[in-house]
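Both complexes shown next keep subunit A, but they swap its partner, so subunit B is in the first and subunit C is in the second.
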Partner chain A sequence: MAEKLLEIKDLWVEFKTDDALVHALNGVNLTVNKGEAYGLVGETGAGKTTTCKSILQLLPERVGKITNGEILFEGKNIPDFTEKELEDFRGSKCAMIFQDPMTSLNPVLTVGDQVAEEIELHNPGMSKEDIDKRVDDMFKLVGLLPERKGEFPHQFSGGMKQRIVIAMGLACQPDLLLADEPTTALDVTIQLQILKLMKDLKEQMNTAMIMVTHDLGIVAKICDRAGIMYAGEIIEDGDIEDIFESKYHHPYTVGLFGSIPDLTVKTDRLNPIQGLMPDPADLPTGCKFHPRCPKCYEECVNVEPKVYQLSPSHMIKCHLFKDIKEGGNE
Partner chain B sequence: MSEKNTVNVSAAAPRKFKRKSQLEMVWIRYRKNKLALFGLVVFLIIVIVSISTPLFIDYKEQVIKQNIMDKFQTASAAHPFGTDQFGRDVLCRLLWGARYSILCGLGVMALSLSVGAVLGASAGYFGGAYDQIIMRILDVFFAIPMTLMAISIVAAFGNSIPNLIVAISLGQIPKMTRIIRSSVITLKDQDFIEAARACDTKKSRIIFKHILPNAMGTLIVEGTLTMGKSIILIAGLSFIGMGIQPPAPEWGAMLSEAKNYMLNYPYLMYAPGIAIVLTALSITLIGDGLRDALDPKMKN
Partner chain C sequence: MVKYIVKRLILIIPIIFGISIILFTIMNLTPGDPAQMLIGDTYTEEALDQLRAELGLDKPFFQQYIDYIWNALHGDFGISYRTRNPVFDEVFSRFPHTVAITFLSIIIQVVVGVIVGIVAAVKQYSLLDTVSQAITMVLASVPDFWIGLMLLLLFSVKLGLLPLSGIENWTGYILPAVAVALPYMANLIRLTRSTMLDVMRMDYIDTAKAKGVPKKKIIFKHALKNALLPVVTLAGVNISWMLGGTIVIEQVFNIPGIGSLMITSIRNKDTPVVMATVMFIAVLSCLINLATDLIYAAIDPRVKAQIKG
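And now, the complex of A and B:
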């Protein structure tokens, strides 16, 4: 069995603002094994980015707080890390690629300096020439000309900036890469290139990855396992085959797949899930999906569903599956 | 012509990027602004004059030595700007006076900029109680009119040049801190700062390497404006007798002395008056030009 790299156990995160207490994460459980790509899928506001930021301890000070749970990285709880351990962890063991390449590069530093800074910080004592060489290598790795490292971010196109951001993320060869919608800001052709690049890099460097996305197509393409997130919890989790092939699904997952237009069937309208994500400051009782669920019944309104393990790899959090329990995909 | 064409075609094969240093780029952009260039030239002349005057002007003999026989002479070959009520050469005094203005102006800029940058950047970045304490203390200083505060400090501690610099800086620091703090607050929530935190850059490094360079445009403009303003303020203080004292040829003090003879000998006021305006103006123009030139996002 693969070795566990990151394990999140029952993680609760709250944001305390002046007018409301926002429940961003409500008991997230997930595991990422070494060298594995985990896809995190869900609507806007489901808590995907919050999960990533919690891992890196980047929640906004004084506002965001982890109220319960553990984030174990190689068996050690990240929220208990000392300043020194955190230094060691961020960047060199775990790096993050941010959503928007347009704003995640510092406009007044050259791109080469920005990649070099990361290497310099985590390899103290490395000579200037070595750092320089490493930066060149990183640029080549992501398909950019090393000659351009002296230029500023505004001189690059969006896709190139995203490559630079990826180069920064990979510069210290982290064990875990958090990719927060790395392709959302790009068009589909560049998206394909970037995804291919990330997949190659993952295989070359054996980096584990959490891929945050809205797009099930991306998950199918590069992930080994995936979790569907809704209102701050993971409602379905499984191998890529479980998510895409199994006949048992959480009604929300069914809805997600239902809203993807089918090339072979002619339809006039898209088929979205009715309703909106619940307000995280005022979550519904029972199952958080019940106001939108087409299969909702009495129990859903009042009782929070348990997690049902359908197969060793596949789990669903929904009352509909309490009778099936362990039976595999039969 | 044909040569040019062939160069263009063959350049496509091995791509070479012409590399210009950062400073070169700044200069190329700065050069485009003619007014700023004018300011720079004037300012450089004033600086060179203020540094080199001791080489060719004798302070005791030419600047403060009274020579009653020569008083109130109009412009001549020997005295291009005439002489004042004690028969001293106005040009010599004017040239010597540049030292005071430049020295005090630079001193005030350096002091208020460095204190303002440290206070403003830390208050903006850390926020919370720390921010509140610093800003409320500075509000107290903000409430006192700048000139009044400078006068009272000089009155209490005496009017030496260091005292003057501190007195005027104290009036500038609150404003400087506020400006830096507000630009830090807008910058600190940007994604690239978050990215810097994600790869664990130290707080001081984030502030000084990632945030402040982004606020550099504002800093430079504020710094130079402050310098221009403080030159005028020093002249003003000297004019009312609270600054640098006669017989030292500070421009404000020269104006103050000249005002007694204004009706009969108005030319005595022109030289120091124009010198003050020209210095302050040139510095402001430089600040304006630098802000545009230093911004790498400005299109060439």
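And now, the complex of A and C:
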């Protein structure tokens, strides 16, 4: 049995803005084991970034609030951490790569300084030369020339900036890396390079990872397990084989697959999911996916579905599966 | 960098020429004969003509301008029509007062403005934030001469701590500098607060937090440098305004600065003094502008790259 590194239990997060109360996370459950890559998949607005920010306690002050649940890291509840414990946790145990490399580096500090700062913070007493050497090593590791560490972010391209951000994320060899759509803002060719880099680094350093994406292809390439997120819930969760090979799926997952072009089958058109994500300030009753679900029936409108365990590794939150016994005949 | 500075310095020349032509024309177009004003009520026509010739007023307008520029380029800014003293001495005996008030005032407004602005932003919605917001609103909308009068009443008349008027020693600069500073300071507080709040919402601040950077370091290392850029710009603009704009305050505090000289000279059609004063302010403004841009470049590497390129 794999060792649990991170366990999120029934996490609820709200954003209180001037005009609305946004229910961003509505009972998220997920587990990441040591050294494992977990794919977090979902449309824009599903709550992926909020999940990652909650783990690092980076929700905007006063606006974003955890209203229920636990985020256990090696058994300790992160929301209970003191400010000092959080500072030690961030960067050294758990690092995050943000969605947009263009804006995630400080424009007035050299890139070398920004990487060095992290190493310095988490290795008190380390000599200046050692820090410098470590920065050089990190630059080489992500395929950048160490000589360029004295330059500023605006002197680098988007792909290079993302490499710097990755170098920063991995500089203290964290146990868990939160990668929030690390390639979405990049050109396709650069995307592949960055993904390959992340995959190699993960294998070299044995870092566990949450790979946030809306692209199932990326999940297939990199992840060991994955969860599908919809309106602030994980509606399907399983090993990569469960997600890609099982014949049982949440209708939303089916829809996600239906919106990917399959080059081996001749189809006239793609089948995108009808409708839009519900407004998180005004969520539907029952199953949150029911207004868009092709298999929706009466119960879906009124009753929130339970989580059904189809196999020890595979779970789906949908009424359609209530008659399928645990360990069912997949 | 040096190339850039030299280029900017050379650019000042056409600006000064432009200003001098416009100003000289305006002074000539406005009604009134300086010679007549000078000579008083009882005079002979000959004496008046002689005075005109002495002042060079009998020559055609264009000739007058060219003579003026020619002499100015040789360091001779002429003789004041009114006092018959060299303009240079006239202006330079007064400038130190205005410059002292301006710089004391800019130090007060920037130091207080930035500190209060940061605290208000970091402790947004706190009591201090609310109170400072209210006070800045009042200060920004009240004229500086009124503030000056109130300060005089409090510190000089009631408490007797500071001189009432005139400049005997440096303490005489304090009240006028504060009076000038307050409205500008109010704007600097508001600007610092709002840019600081904007910067604290930037992604790179989240990145820094995610690295485990302590809060103090986030504010002073990661946020402040970014938030200072617009503040530097505003402070530079403020200095230029104050150099030409402490006129009212000089009246209130009875300070023999450049403002009062300018007013008297304009009233007396003392063209050489007006010309020298305005041009001196213009040159200073250009230099302050340049200094602002250089400070900007020192803070922001993107601007520095443009200047070098």
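Simple rule for what comes next: the second predicted complex is superposed on the first by the 321 of 330 C-alpha atoms of A that agree within 3 Å, B and C clash if a C-alpha of one lies under 4 Å from a C-alpha of the other, contacts with A are read in each partner's own complex, and residues count from 1 in each chain.
Convention: a residue touches a chain if its C-beta (ideal position, glycine included) is under 8 Å from a C-beta of that chain, and two chains touch if they have at least 3 such contacts.
In this text the structure is predicted, and so the values were computed from the model without any measurement.
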{"item": "Simultaneous placement of subunit C and subunit B on subunit A, clash or fit", "value": "clash"}
{"item": "Contacts of A:Arg148 with subunit B and subunit C, given as first, second, both or neither", "value": "first"}
{"item": "Touched partner set for A:Ile78, first subunit B, second subunit C, both or neither", "value": "neither"}
{"item": "Contacts of A:Leu105 with subunit B and subunit C, given as first, second, both or neither", "value": "both"}
{"item": "Which superposed partner A:Cys223 touches (first subunit B, second subunit C, both, neither)", "value": "neither"}
{"item": "Overlap of subunit C and subunit B interfaces on subunit A (superposed complexes)", "value": "56, 58, 62, 86-87, 89-91, 95-96, 98, 100, 103-109, 117-118, 121-122, 152, 154, 165, 168"}
{"item": "Touch list for subunit A against partner subunit C, complex", "value": "53, 56, 58, 60, 62, 83, 86-92, 95-96, 98, 100, 103-109, 117-118, 121-122, 152, 154-155, 165, 168"}
{"item": "In the complex, subunit C residues that touch subunit A", "value": "125, 201-204, 206-215, 221-222, 225-226, 299-302, 305"}
{"item": "Residues on subunit A engaged by subunit B in the complex (per definition of touch)", "value": "56, 58, 62, 86-87, 89-91, 95-96, 98-100, 103-109, 117-118, 121-122, 145, 147-148, 150, 152, 154, 165, 168, 172"}
{"item": "Subunit A-facing residues of subunit B, complex", "value": "15-17, 19, 128, 190-192, 194-201, 209-210, 213-214, 216, 296-297"}
